[in-house]
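A, B and C are the chain letters, set down in written order, and residue numbers restart from 1 in every chain.
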Amino acid sequence: MSDHHSHEETRGIMSPYAARIRAIEALLLEKGVLTEPEVQDSISYMEARSPANGAKLVARAWVNPDFKALLLSDGKAAASELGMAPEHPAEFIVVENTPELHNLIVCTLCSCYPRAILGRPPDWYKSFEYRSRAVREPRAVMREFGFEPPEDVEVVVHDSTADVRYMVLPMRPPGTEDMKEEKLAGLVTRDSLVGVNVPRL
Amino acid sequence: MGGEPGGPIDRSQHEVEDWERLADAINGALGAKGLQSTDELRRSIESLEDYRELSYYERWVAATEKLLIEKDFLSSDEIDERAAEIERRWDGP
Amino acid sequence: MTFEPGERVRVLPSEKPGHVRTPAYLKGKAGWIESLIGAFPNPEEVAYGLSGLPERPLYKVGFKQTDLWDDYRGPAEDYLYADIYEHWLEPERGTT
């Protein structure tokens, strides 16, 4: 069953929940449960986060072996080093793709995703189809995204069931040996950080 | 959910609407202040009867509302009233 | 720590009501302890406003896909990890 989207730009078909959340906001502010700056800070927090952060972490790891080791052993420390200051208390673990092994991330129980680094997850990541199929037929799922690892590469699915948020460290594409860090970051797609695809030249 | 049969994955992305950003923000602010935990929100979402009919952010709003009422921050009457007022304002004269 | 990396474990088939973070598809399945992730307040209790203390050990547990799904269509070497709390695990040879 697909995730039902009832939103449109036109007022006529807006979700009834739009008015409800605005009502909730107004009431919480009036009662002093939350303040305007607190709500604004929260909006800014999410807007500041995007897959570009993940791309920066990956590109740095590709060019700097010490940073790579840090990223794989203490994701939050590595993110802090690049000024990303993840405030979320959850653990942030980065898993590495190798020539022998390809990682895929999913949260079957809800939609856990490293929002503190990457921002909002894509709609497909939150869909019932992805959540139910990624654990059972990861290769078929990746094929829909245009990626097919060879049969001799192990596919490893991580179901984020608890307080850990996962991100994939993809392999550096061949032919990029002379590329600078900033250009390398441009190759790292959001999809490759979840594991449904890989970066390509 | 995991392992259930499912159809093709819809890879389209809808433009995040302002009310959805607000849903994120309210939950973030409540969490940052220690007024609501991620686990409580998850539990509340899971308890929604129309879980499968609602969209992702609709579930969040419904679950947040449920928690705020449960914790006595707000009443469902005042939310209903205010939401109706807001919709009247949007519909215009 | 109750479990050591490499140890074989089984996920309890418990039908415990309320909020749990053990997916249905893993209940009763056997796998191995990959690592101890850390200790965290029990989400089953935090979900209802309780402190969730004392913190419970959380393990990264590995499962062969062919052990999880009769119809798994990939290579037998494929596997899956889930993060499972200690109180949901027993030694594979243990009895509940």
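By our rule, contacts are C-beta pairs under 8 Å (C-beta built on N, C-alpha and C of every residue); 3 or more make two chains touch, one makes a residue touch a chain.
Remember, it's a predicted structure, so these values are computed and weren't measured experimentally.
J.: Quick one: which pair of chains has the most contacts?
T.: Per chain pair, the contact count peaks at A-B.
J.: Nearest chain to the global Cα centroid?
T.: Minimum centroid-to-centroid distance belongs to A.
J.: Of the other chains, whose C-alpha centre is the longest way from the centre of chain B?
T.: C
J.: Roughly how many whole angstrom separate the Cα centroids of chain A and chain B?
T.: So the centre of chain A lies 21 Å away from the centre of chain B.
J.: If you average the CA atoms of chain A and of chain C, how far apart do the two points sit, in angstrom?
T.: 23
J.: Find the geometric centre of each of chain B and chain C from their Cα atoms only, then give the gap between the two centres in Å, rounded to an integer.
T.: 29
J.: Quick one: which residues in chain B touch 2 or more of the other chains?
T.: As it turns out, chain B has residues touching two or more other chains at 1-3, 42.
J.: Quick check: what residues of chain A touch more than one other chain, meaning two or more?
T.: 108-109, 135-136, 159
J.: Can you pull out the residues of chain C that are in contact with at least two other chains?
T.: Residues 23, 25, 43, 68-69 of chain C touch two or more partner chains.
J.: Which residues of chain B touch chain C in their complex?
T.: 1-3, 37, 39-40, 42-43, 46, 71
J.: Quick check: in the complex, which residue numbers of chain A touch chain C?
T.: Residues 91, 93, 108-109, 135-140, 151-152, 154-164.
J.: Using the touch rule from the top, collect the residues of chain C that touch chain A in their complex.
T.: These residues of chain C touch chain A: 21-23, 25, 37-38, 40, 43, 58, 65, 68-69, 72-75, 77-85.
J.: Show which residues of chain C lie in contact with chain B when the two form their complex.
T.: Contact set of chain C toward chain B: 18-19, 23-26, 43, 46-49, 52, 68-69.
J.: For a test of understanding, state which residues of chain A touch chain B in their complex under the given definition.
T.: 1-7, 9, 11, 14-28, 31, 33-34, 38-39, 41-43, 45-47, 87, 90, 106, 108-111, 120, 122-124, 126-133, 135-136, 141, 144-145, 159
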